[in-house]
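Once you've had a glance at the structure underneath, I'll fire off some questions.
Chain naming follows the written order as A, B, C and D, and within any one chain the residues start at number 1.
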Amino acid sequence: MMTGLAALARGAIEPVGLITATPPFAGLELVDFPELIVGGHDVRPGPLDAEARRMWSESRAIPPALLDHAGDFFAEIQERLRPGTLVGSGERIASLAEAGLATRVETPREAIARIRADIEAFAATERLERVVVVNLASTEPPPERPIPLDFSEVEPLLDDAAACPLPASSLYFLAAAEAGACYVNFTPSAGGSPACLQQVAIERGIAQAGSDGKTGETLLKSVLAPLFAARNLEVMSWVGHNIFGNLDGKVLDDPRNKAAKVRSKDHLLAEILGYAPQTLVSIEYIESLGDWKTAWDHIHFRGFLGTPMTMQFTWQGCDSILAAPLVIDLVRLVERAWRAGERGGLPWLACFFKSPLGVTEQDFATQVTMLRDWVARMTADASDG
Amino acid sequence: MMTGLAALARGAIEPVGLITATPPFAGLELVDFPELIVGGHDVRPGPLDAEARRMWSESRAIPPALLDHAGDFFAEIQERLRPGTLVGSGERIASLAEAGLATRVETPREAIARIRADIEAFAATERLERVVVVNLASTEPPPERPIPLDFSEVEPLLDDAAACPLPASSLYFLAAAEAGACYVNFTPSAGGSPACLQQVAIERGIAQAGSDGKTGETLLKSVLAPLFAARNLEVMSWVGHNIFGNLDGKVLDDPRNKAAKVRSKDHLLAEILGYAPQTLVSIEYIESLGDWKTAWDHIHFRGFLGTPMTMQFTWQGCDSILAAPLVIDLVRLVERAWRAGERGGLPWLACFFKSPLGVTEQDFATQVTMLRDWVARMTADASDG
Amino acid sequence: MMTGLAALARGAIEPVGLITATPPFAGLELVDFPELIVGGHDVRPGPLDAEARRMWSESRAIPPALLDHAGDFFAEIQERLRPGTLVGSGERIASLAEAGLATRVETPREAIARIRADIEAFAATERLERVVVVNLASTEPPPERPIPLDFSEVEPLLDDAAACPLPASSLYFLAAAEAGACYVNFTPSAGGSPACLQQVAIERGIAQAGSDGKTGETLLKSVLAPLFAARNLEVMSWVGHNIFGNLDGKVLDDPRNKAAKVRSKDHLLAEILGYAPQTLVSIEYIESLGDWKTAWDHIHFRGFLGTPMTMQFTWQGCDSILAAPLVIDLVRLVERAWRAGERGGLPWLACFFKSPLGVTEQDFATQVTMLRDWVARMTADASDG
Amino acid sequence: MMTGLAALARGAIEPVGLITATPPFAGLELVDFPELIVGGHDVRPGPLDAEARRMWSESRAIPPALLDHAGDFFAEIQERLRPGTLVGSGERIASLAEAGLATRVETPREAIARIRADIEAFAATERLERVVVVNLASTEPPPERPIPLDFSEVEPLLDDAAACPLPASSLYFLAAAEAGACYVNFTPSAGGSPACLQQVAIERGIAQAGSDGKTGETLLKSVLAPLFAARNLEVMSWVGHNIFGNLDGKVLDDPRNKAAKVRSKDHLLAEILGYAPQTLVSIEYIESLGDWKTAWDHIHFRGFLGTPMTMQFTWQGCDSILAAPLVIDLVRLVERAWRAGERGGLPWLACFFKSPLGVTEQDFATQVTMLRDWVARMTADASDG
């Protein structure tokens, strides 16, 4: 995402993969690429530059020339990085964190306050009008205890990490909300999705979007399942095996973390079809694949006269490369909606997510229509004004 | 189609694959299965029953039990079959015709008159209120000469097979139109698509739909291509290889017949994407596959930072089984629209066709919305009335 | 297997899939199809005929006509069936057994004696010169405790099911050995493979072969892995996902039973390649597939200049149909070798098995050469004699 | 090949893909990488370096770092390049040649003499003991006229390009033979394969090997077809579609050139199986794929009880990267055999070729055994001496 933003800002690449760069979005007065300033929190050691170069050395996915030109850009962002929190992140993620972080002890409330202060300092230093926080961390385990529906019941627990049901992603959400920053959850972690936090978003006057970016296999499910529904073909079983070798894959090797991901990849089929075929989703870490995620899906369906038929597909996509432009699109769109006064979850961003906030629609084509309708409304408003 | 209709009429199977059997269509007062009476024209020898049994013996596609129960149904239809015409059908199809037909000499006008008389007799004998003629013949070569835009220029040529540019499918269309029957073109042949014949449909007050039923690989193109467009992923090349072993495959082994089919399978990509990627479509006759069409598609696309990625799919579908319910759906819907007063091409049936009549929309989801909107309008009209 | 044997015995089908029916085996004087008499032990209720018909109704794999003609054949075998034993079969298999069996209590020694008596009575009644017992039961969990290397240490434990480490498959082996019958283990269960039982086979003068019939994905591994070795292409990872819906699949849904199977499917790669790439093997029960096993394998390898490349395959095979002719081949070959005086494990049958007894060779082509060499020796002996 | 040789010579890469770098070949005293001096003939303009860089820019197949270090190596080879001949190369290849070449007029005899002089000068300048000429040019059309069986009938025609039936590849072969250099034909072109030229090789005392390097889809056919034969599974049809985008692909876009290639890829199936299933091989130029050849093969076979089953595979390999190590292996092995006194075609190199010279064996495993046996003999001879 950063390598691409550096290249976009200096006009070195075509904006392939960015939907906000297509004609329908031209009249929206979105924030321009050079205006986007990147900062953030991380729990892992190691310079950004080296991490980006692994996309080349391990995955042949980012041409070295683009990396060579992004050196200064990375160095500037590196200066703006602050230590993340391990409170509520789960054992697997904690095991990947840098040594210093792992020994830091803080309550959830202290973590929120610290991150909030970082965000506010970031905005002040860079003289930013608006900040959008995006959760791009590896998938957390699902919360072990139910999160109360009313935030007033959660608030007192923030002083005790052992009692507080909020995972790290939700602490970042609260920090963002308190700092008056919007929040985008690109992962299946809880983030701002719990009902009590959706309420916080509205009260604090921020916009949020999520959750779990739809980049590959699940995207195809949301495109293909409506076909079977529209033709009254009965899906008997839908098996999807995913293999990939990046850090996310390593984190998902922990069954607790994987559970959250599999759930997010699986539920939409029944929602689209109106019945529940037998489904199977696996996600496995295969080191040699690097950032390349290969999915094989086997769809067994029944047609006229009960005749069984089969569709199979393989998807060979580079995970980070697929996600990066969506993140940029989301930041631009959330910022625009917020500027226009929208608050709380933004359901018209459903086409970006596996588990869209505030809407049950899972059919990709319908979700795209929702986005296009919003663009049309915004453009009409703009020309009215 | 006939085996299925026999089974539907006696309630022996679930209506899987029939969209007109789903709840949204319930209020339309469509013609019921037992009310549909099948007749037709054919150029090939051999009883229907034996042909249907080959679906079992060569393709394991229709369970013998269903065939055993359809014996009487086939026998009745066999009685209603009349000899088709070879005028304008092309050499390949003529070579498959029964001996008697091949020596029959008639002008286009005579062929039209004969077929029209057959249709009228069929309607009279069976006491039918409405007849819908469906072209399910093998694909013709494209017309060798341009068809004049004005029917008055075509009409005088009907007395001379050598001078007349209309292929057999268009003669059947004219026979239907003169008999006051609607026309559905399930093939890529010309049928009622030439501009001068679309005019005839309106003048004669019939409804028509077409062309080229969208059952497999092209259906998937019309579902998947919009995904790449919606995500601004650049399709660099789209290769589709189709192999199958039924009679249609044998006919398409003639390059002239294949040309019409390939064109119909290929053009939609550029229409959906807004640019023309390199495409390749092959259709090859592989005898052992029988009625099973296997398609392998390889989609090579470019994402963010110009990263090349790949999607591949295989589709293993039984061609006749996929087509059959669409034919039944089309007959029910065209009859209904006609009953409601619609005339000429029916663009809201686009989701059934590779080259829909009277509309350029190729995105399957949008086409489905067009159909649903029509159903909603009809249902509202019905409840208003 | 039985349907096929019935059809072969009356000359109703071509012997496709049977290698003993090919010319090189013609001079071996193998037992002829009508001479093979089938009996057996089973733990499940339900007539054989109904089971075979499910191959048609659920999997479209055996044409009804073949079943119709095999009715008497099935009835005769049904008469010869005796109740199996649940001692040492594991919970999953026990849960599928008929009610009567589940309550029967017997020690391992009693089970062996009972089964031995059944085998001897079968041979006497049918006036058989030789009996070959084939283990075709579902996969057992691996033995929980190590099996002593010396049979004298095992023997005293046969009186106590709780103390005896032998699984059911090994009890059947002992019953066969005591009855003077050969033993073929077509499953990954222990059977006659433990060292102390291999010794028993030699002492008792029986021949045995095993284990785990190589019918699909593993067969392909043993064919393809040698290619990568021969070309010095470095296999980085080999992922194999298997889905199928027959009873074996249901049994393998228990992780304990699955463990035995996965181990048997996986170890050969390192043995062939000489190093251990990352491997992953999954076997999942997908009900709609019936007896059709679909495997998807993804092989990620590195070529010259370290360039990563990919081979993928899908295998859509009908499990029982693939196994059946191998079972008939094995019975004919083991009987022939035994007749010629061979005792103990038969290593030249390696090409039939995932984990061949008495030999480490895993390269299919080399295994086939071993079999062909044996055939040549036997044929030479025969013509010498 | 050159980039790799440069890297191997300086020890910068592992010899992955080179079989002559594996232990069994260690005792053969093969020529070492730094001892190999590359020269050649070419008909195309453009520096080698730029061509190699396109492997990176268009196909992401050679890491830039390797190219950066090979600059001097390329420059030295560039100096040793001489203009090729267009006599007998066919129109398609001629159209790709540099302008100067296209207007040069020479008889076949003059072309042979010129190339022979180049080879002799190359050997003298570089002080080489032995030269091996490798044909790596794009595929020629098959010869239009039969080539006489006796070279005395061909010889007089060398003065007349219009009358001479020898294609360019055969002229290079004759030049090599006259210069006392060995010849390896890595293409399906005629080269030294015509019977009269095999005789020339023996008379001139040179060794030769060919033809048509077996790198991908055909390699897999020669590995998989023996499996179906060994299991008596009946292959009903075998379809192979190949797509790729390098210069070879452009040349094969000419149906005349493609005919030679398809024949070479297709004939082995019947030779291995012993009967001829329906086969289909396509090779299509898809520009976006660059040097990556993707093959999809669909194998439809019949098992026990006539049950139809399917295996499909896709092969995503980088063509030049797969070919390069085979070329280096072949040069080392042919040089070694020649040094040991072998003359004429070398049948034990069959595993490298689609249409091996002097042997009909097409089963890859058997071919590999032939090579291993030769290595064993050579090693034994070496230790005897």
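The rule we apply is simple: contacts are C-beta pairs under 8 Å (C-beta built on N, C-alpha and C of every residue); 3 or more make two chains touch, one makes a residue touch a chain.
Everything numeric here is computed off the predicted structure, so don't read it as measured data.
Traced through touching neighbours, the fewest hops from chain A to chain C number 1. For chain pairs B-D and C-D, the one joined by more C-beta pairs in contact is C-D.
One finds 48 Å separating the Cα centroids of chain B and chain D.
Taking the mean of the C-alpha atoms as each chain's centre, chain C and chain D sit 44 Å apart.
Across the assembly, chain B contributes residues 60, 310, 312, 314, 316 that each touch 2 or more other chains.
On the chain C side of its complex with chain D, the touching residues are 3-4, 7, 13-19, 21-22, 61-63, 66, 219-220, 223-224, 226-227, 230-234, 302-307, 309-318, 321-322, 324-325, 351, 363-366, 368. Here chain D touches chain B in the complex through residues 60, 236-237, 239, 241, 243, 278, 280, 282, 284, 286-289, 294, 296, 298, 300, 308, 310, 312, 314, 316, going by the rule given at the top.
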